[in-house]
Amino acid sequence: MFKKFTLILVLSVLLISLVSVFGFAEKLTLIGPWAGAEQAGFMPVLEAFTEKTGIDVEYKVYRFEDLVTMLPAQFAAKKTPGDVIFMSGTEWMVKNAKHLADLSDVINEGDFVPGTLVSKVDGKLLAGTFTGKIKPGFWYSKSFFSKNGLTVPQTWDELVTLLQKIKMIPGIEAPIASGDGTGWPLSDVTEHFLVSFGGPDLQKDLIAGNIKWESNIVKGVFEKLVFLLKSGYFSEPAEWTTILKQWEKGEYALYFMGSWITGMVGNPDDLGVFSLPGCEGMVFGPDYFNVPIYSKNIEDTKKLAAFLSGKEGQTVSASLGGHIATNLGVPVEVYPTVDRGVAELLKGVQSLPDLDDTVGGEFQPAFWDQLKLLWVKPNRLDDVLKVLDEKMP
Amino acid sequence: MHRKATFTHLAIFILPALLLICVFVFYPCLRTISLSFFSEGKFSLHNYYEVLKSRDTINLEGFSKGFPLGTLLHNLLWITIHLPLTIFLGLFLAVYLKNVKGGSIIKSIIFLGMVMPMITGGVLIRFIFDKNIGIVNEFLKLFGFIPKTWTAYPETALFSLIFGSVWLWAGFSMILYSAGLETIPKDLYEAAQIDGASSMKMFFKITIPLLKPITIVVVTMTLLWELKIFDIVYVATMGGPGSASNVLALQMYTYAFKALNFGKSSVVAVFLAVIALAVSIPMARSAGERR
Amino acid sequence: MKIKTYKKIIHDSLAWIIAFIWIIPFLGLLMAAIRPMDELLHGWWNLETLNLTFKNFIGAWNHSNVPLGQGTVNSLLIAVPATVIPVLIATMTGYGFSRYRFPAKRSIYILIILMLALPQQMIAVPIFGIMNKLGLINNYFGLIIVHTAWGLPWITFFMRNFFTTLPVEVEEAARIDGASDVRIFFNIALPIATPAIVSAASLQFTMVWSDFFLALILMYSPEKLLATQRIPLMRGVYFVDWGLLAAASILLMLVPILVYTFLQKYYVKGMIGWSSK
């Protein structure tokens, strides 16, 4: 009796281990940073992939900063926690080039909006491009504007006049709401100023480290921002989702935010957006993913990579709203109405990478922290710029 | 009195703990010390030099321009404000609540601040100093102050954390002093009263001196707590804005796990350890005296 | 007589006012947790509209990416072993130090005491390295070991002090009757030490439960994060909401507060043990 029991036990353990090793081997793992509502805007893409190919994909949430800590050890042990990993920062990609698979055989350069594919490293394409979010400018409520006789500014002077006018409206705490997540969107507003008044090349040079933060060009741009800060046109930094509610209630008129805001408000059709006058570039943050070479199922993973970057995957994502495609094959009709307008904005301007996401490392949290300081103490501009230069890699 | 231990005794009673401590506490400490002395593969004092002269640690410009003053000065400031307040509050509360009806409930309420995880302590501090929903601003409005979120401004961020931490930690010294008060024999007070001593005199000549050993413990434990502050700052301000509320423990973490500079992080850790050890000497001596 | 009673009433009332002032922040937190955001936007002390709801607690417990329910389970999985193991081991070690002589005893003891002052920052980086080599990063076993090792010095100190107050006569008598040392420990010393053990255990449990720094270094998988780690994640990175954050904080506090409430006597004795020994 005892022997029989042991036999059954051993067999079941063997069976379970076999099943867990082989039975689920078909499943791929994808790691991304989105959770909650943002995750809901991504899962249908994976579901569409499974429907098409029959391959299951398990989604896991990891923040970029945790991945940065965890991946080196995993890669060194020739393992990977995910077959497809959404990661940020070209610096990271270049550093880990030898662990990443070449995706040139499944991703075709010509299919994408220029500038949205990562540069090749030693002739290899190490990251695939998914859809992205634009940070176009200041969002406002169209009904609020028409009720108060406000118009979209075309020049710097018109902007200042507009802000002055808004400040006088009763019920307004401050014309522009300053959202503070862990430091962004303050960084997004700042980058928008740099691009609008310094030009797209300035953004690229800052990222590459070719220009110092303390240089006259950069300082000049910041001084415009500081002028608005000192005039009290910006609010004190507040939790970005709390202030979103207050903005909807009319306590603030303008809110600088990324295109994902369309999915977060009660009435997206009332939304309008304008960029700073003279803006010729826009921060378009596509999401990039890598495929580590240690994936257990490279074949299927490459299929997933092709799907995500390809027309099909991006179409699903775009249709859910809040995302803009990088793949040229995605027709503009699939976008929900308000996103169509945003996609139009992207035409005719240069698409640029997000500065602090790209530089990353110690610079990013310092950038956020210094901007929080600048917002409440605009007269400390010189100190802030000095620290930014210190923290650049 | 003490029996000589045989090998078996040692193996069962002493060895397991000793082994674990050596491997997971003692060795890492030595390693951290050694890491602090290595820069670019060579033995050097470069890390110490860098950390000490860094504006992260000591920022003398802060005296004219405003916070940040550097982590070392921030922790010092924390001690300067928090320690005396803790001692006085604790003593006052212990004495004041001594024979109050329902006093033990009141003491428990005050002690709650100690029982909760410091992460929630930080959330509470951020919360009470908020511009719109914070109770401190509401109170200050009565005196004509304009509300603002204390944790968002460099000149008030650190102070909000310090005062918040006084509220959290007061229960500790209160409980210790309460216990101490219980141990003072009543006859001493009775005898003094017969001699015509006022309550003030009794307090200063009897209570305080007899509470000295407890005071040493309160001071030491409070100092150690003030040096190691991490959770509160992490969740309330993350050391900001502009490093205005950065503290040594957080600086160590940032150097190690954000900048991946283990040399500098080890230097900060060593500083902390040295100061902590120095601070503990009086208490260790006091404990040794009573062996 | 009457004046004395009046004085006492005033004194006691003031004491209760102090208690009320002390509890105000908690009240605020509770308000934020049970009232909708719109009511709180301009001060939770405004009680005109009072729509109470528990949805924040449910939301925090089942949060879509950092559910506190899962976090609580994880924290328990760490805190219970990380309390039981060091308390057991350290009790034996404390007993050993209080009863036996052995070479280098004094030096070893002093070394252990020195470790009481150390900040966790002192071991952080090497521990990460060790755990990495052992493959125990992001593994509960690793975190339990670190908490155990970290708790051993203070619990040893504590228990050793306790045992020195225990007269040896009973143990001596048992030895004369032929009992072995181990038996004496388990059958005589340990039962008497129960109150001290409960004290140490309640303190250690609270410390491990409340730990954030060690968890921050060793745990990162979203599903494995401990309860304390989930609190900062609810603020700022993803969709943040004071109501949720407040509810989550309250849930996190509940466990140590419960421990304190039920084991108050031991808890307090434990803290005082530092001073009267």
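A, B and C label the chains in the order they appear, each numbered from 1.
As a working rule, a residue touches a chain if its C-beta (ideal position, glycine included) is under 8 Å from a C-beta of that chain, and two chains touch if they have at least 3 such contacts.
Predicted model only: the values in this text are computed from it and were never measured.
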Practice task
Once you've mapped the touching chain pairs, tell me: line, ring, star, complete or other?
Solution key: complete
Fill in the blank from the handout: Sorted by contact pairs, first entry is B-C
Exercise for the section: Provide the C-alpha centroid distance between chain A and chain B, rounded to the nearest whole angstrom. Expected result: 40
Exercise for the section: Let me have the rounded angstrom distance from the C-alpha centre of chain B over to the C-alpha centre of chain C, please. Expected result: 16
Completion exercise
Residue numbers in chain C touching two or more further chains are 41, 235, 242
Completion exercise
Shared-interface residues of chain B (touching two or more other chains) are 257
Handout entry: Numbers and ranges of chain A residues touching at least 2 other chains
Key = 69, 182
Fill in the blank from the handout: chain C residues touching chain B in their complex are 11-12, 14-16, 18-19, 22-26, 28-29, 32, 40-45, 89-90, 92-93, 95-97, 99-102, 108, 111-127, 129-130, 145-146, 148-150, 152-153, 156, 168, 181-182, 185, 206, 209-213, 216-217, 228, 231-232, 235, 242, 245-246, 249, 252-253, 256-257, 259-260, 264, 268, 271-272, 274-277
Fill in the blank from the handout: The answer for chain A against chain B in the complex is residues 65, 69, 182, 236-238, 361-362, 365, 369-370, 372-377, 380, 383-384, 387
Handout entry: Complex interface listing, chain B residues touching chain C
Key = 1-5, 9-10, 12-14, 16-18, 20-21, 23-29, 31-32, 35, 93, 96-97, 100-103, 105-106, 108-113, 115-120, 123-124, 127-128, 132-133, 135, 138, 167, 172, 175-176, 179-180, 183, 213-214, 217-218, 221, 224, 227-228, 230-231, 234-235, 249, 252-253, 256-257, 262, 265-266, 268-270, 272-273, 276-277, 279-280, 284, 287, 290
Practice task
Flag every residue of chain B that touches chain A in the complex, lowest number first.
Solution key: 61, 65-66, 131, 148-149, 152-154, 238-244, 254, 257-259
Exercise for the section: Spell out the part of chain C that touches chain A in their complex, as residue ranges. Expected result: 37-38, 41, 64-65, 132, 137-138, 220-222, 235-242
